[in-house]
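Think of it as A, B, C and D in the order they're written, each chain with its own count starting at 1.
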Amino acid sequence: MMKKTALLLPFVLMMFAFQPVKKKKVIFFGDSITQQGAAPGGYITRIDSMSKLEKLADQFEFVGKGIGGNKVYDLFLRFQPDVLDQQPDIVFVYVGINDVWHKAMGTGTDFDKFGKFYDAIIATLKKRGIQPVVCTPSVIGERNDFTNQQDGDLNLYAQWIREYAAQNSVPLVDLRKLFLDYLKTNNPENKEKDILTRDRVHLNEKGNQLVADAMWKVLKTLK
Amino acid sequence: MMKKTALLLPFVLMMFAFQPVKKKKVIFFGDSITQQGAAPGGYITRIDSMSKLEKLADQFEFVGKGIGGNKVYDLFLRFQPDVLDQQPDIVFVYVGINDVWHKAMGTGTDFDKFGKFYDAIIATLKKRGIQPVVCTPSVIGERNDFTNQQDGDLNLYAQWIREYAAQNSVPLVDLRKLFLDYLKTNNPENKEKDILTRDRVHLNEKGNQLVADAMWKVLKTLK
Amino acid sequence: MMKKTALLLPFVLMMFAFQPVKKKKVIFFGDSITQQGAAPGGYITRIDSMSKLEKLADQFEFVGKGIGGNKVYDLFLRFQPDVLDQQPDIVFVYVGINDVWHKAMGTGTDFDKFGKFYDAIIATLKKRGIQPVVCTPSVIGERNDFTNQQDGDLNLYAQWIREYAAQNSVPLVDLRKLFLDYLKTNNPENKEKDILTRDRVHLNEKGNQLVADAMWKVLKTLK
Amino acid sequence: MMKKTALLLPFVLMMFAFQPVKKKKVIFFGDSITQQGAAPGGYITRIDSMSKLEKLADQFEFVGKGIGGNKVYDLFLRFQPDVLDQQPDIVFVYVGINDVWHKAMGTGTDFDKFGKFYDAIIATLKKRGIQPVVCTPSVIGERNDFTNQQDGDLNLYAQWIREYAAQNSVPLVDLRKLFLDYLKTNNPENKEKDILTRDRVHLNEKGNQLVADAMWKVLKTLK
């Protein structure tokens, strides 16, 4: 018996060596920022490039599921087909900007309801054994002294996400904090845009790279 | 053999006579108007009374599932536990007022998204073999010359529901048309409230009875 | 004596014949519709052309004082320099669309305050012996079945102006009624725009002519 | 000569001593906070008491001109009768909260228009030789980490007033800064209200005293 095993062992090892690693499917679930994140130069594309550079390309498969104008309840509406049916291993949820912003046009999301839909998404992911990663909403306007119209509300929704993440042991990418810290030192003229965004909201190259770096850093801890 | 059957027959018939009829479970799915509809004097309570009066109490079971402040996406969020898991036979969907009204407070529902969530609910009911009945949103303000602030928007959302019902062969209770017709002849002073509502939105006795009558009429055609 | 008079009479008559008539200065006070009204093809330009065609050019001087985005309180802010200091004889006040429309962006005008500012303008004109002419706000969207979002509110503000005009004996150009009547018969496809407007609000050629006709008709009664 | 003077001097001094000092009329021009400021316990009443305590009662006459719900353009509408016609010496302008707050109900004031009306008031006061004192809007919500919904917008409008005051050499009472500083150290639980306000906006005893102290301090420099 032992001999037989001895003969088999190298073959078995060889098998493993050649067997393709099961890639982790990572879905980025969000709004127009995520939609653009999948384009060339976008943050998802950048994460993909970084994974290749670091020889980790065989470990991840990246899928962008961002749709412009989406609020948290829009994510919930397409949660089954766009996320659950795709059988991902990890899901980044990056939402909240439109929930706050669209209040100015009459169709934002009430604070309490934001939390309910958010929890419905994260709790379902966890129940299905899918790893969620939550992100705070970045910015609507880049002024660094809290004089952007929606700063108060964005801070409130971001703070809720932070507390939710802590209470539910969900990994957090605190984009809002990252952006505010970056703008504190890199926006001396206190400009509204053109530091990390093109138009106060949507990311320019630097913005996409900042998001990519932060997400990639968390992603590698989840391997 | 024949004798035996002859003897059994009366017994079998008797069995059927005493066997309880499987009641149809009717869920009323909506907002505060429906929540109040389940209270004494409310439209659901009135439908229940009418069914008893007409000796049809054994055919229906009525369940109110209304929650104050709900918009169409709030219905969608609790659709599974509050409706699908209850295994209803018939579901009245009476929603839209908050979707329009809350625009004035920054958190209404965009027209196109209203349709998407609405369809997600109705299409799922149909797929599960549950009979949907759709209702147009009644009123926000009772003036009868289209000078209530939200009249334009309510008309738009109501018209969408009418067309959706027609295109998808879903029974329709056109509450908005009923209310407007009633107010045309019964609101000579063009008052804002106190004809069919207490407060421009929530139904008084007459309003509840008008809704009850209209729904009950449709319900009996679905037996 | 008689002879002398007889000799003088023709001269005196001649004097009157050649003495230039004091033109009435007509100011059009309003928002972007009025601002565009002063451009070629605009309603003010059309009124000017009509006055020439009807040999009444020597009787009127037309001045456009429209500024884009103006609400009733913006008119009040520039009332002194733009109207009173110009010493007009007649002032058309055509405002209300932005007061209603901008509610959707958070900065419309409360109904009661609309009335207060409106009255402050009209009452001051009257006190100064200047003839005001008030106009109801035309349309935001051209659908003819009251399914344009702001129809209810526009109807309300228009109705207030009608009643104000009647109570204060101010000539009224009921543009909203004119537009609605026109659209009832000339918008069979129930389109949102392109009947009297280019973009749901701003007037195309037909719209400008309709306004010009209505104002010119009233203006001639004020000679 | 000397004797004569010596005899006259006491009499002259006596004359001055008995001649009534011309009191400076101080108008507080604002919204509901100022309306309540004139009530017992309100900030105007407190300033009045402080002036008596400091034996300066004969130097000032205090007049409250606050009306609930007022925005900057409402002040402008009643500027002539409520301020100019009263011939004040000093006018405190304390406005901006409703301009920001009411955006949430559709009828706030655009940022650029806020500035135009504000300047129209202050510039007119200066032209008439009346001393304006401007105040930044205090708070809508007392949380001290910029998570109150309107914090961004309030900061923006307050910052505009600060810069306007500096550029136009107008004395400033920076209430917002005062409130934020106070809340930083005196609101450890990060409560929404009940530190300086009763309801997130309207001042409680401490709030009224804080405003009274700050205004009184500036007022004494204007003697």
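Rule of thumb we're sticking to: a residue touches a chain if its C-beta (ideal position, glycine included) is under 8 Å from a C-beta of that chain, and two chains touch if they have at least 3 such contacts.
Predicted model only: the values in this text are computed from it and were never measured.
Look at the contact of chain C with chain D and you find the same residues on each copy: over half of the numbers used there are shared. A rotation of 180 degrees, rounded to the nearest 5, superposes the Cα atoms of chain A on chain D. Remark: chain B and chain C have CA centroids separated by 47 Å (rounded to whole angstrom). Centre to centre, using the average C-alpha position, chain A and chain B are separated by 40 Å. In chain D, the positions touching at least two other chains are 103-104, 106. Those residues of chain D whose C-beta lies close enough to touch chain C in the complex are 73-74, 76-77, 103-104, 106-110, 113, 116-117, 120.
Touching chain B in their complex are the following residues of chain C: 103-104, 106, 141, 145-156, 159. In the complex of the two chains, the chain D residues touching chain B come out as 104-106.
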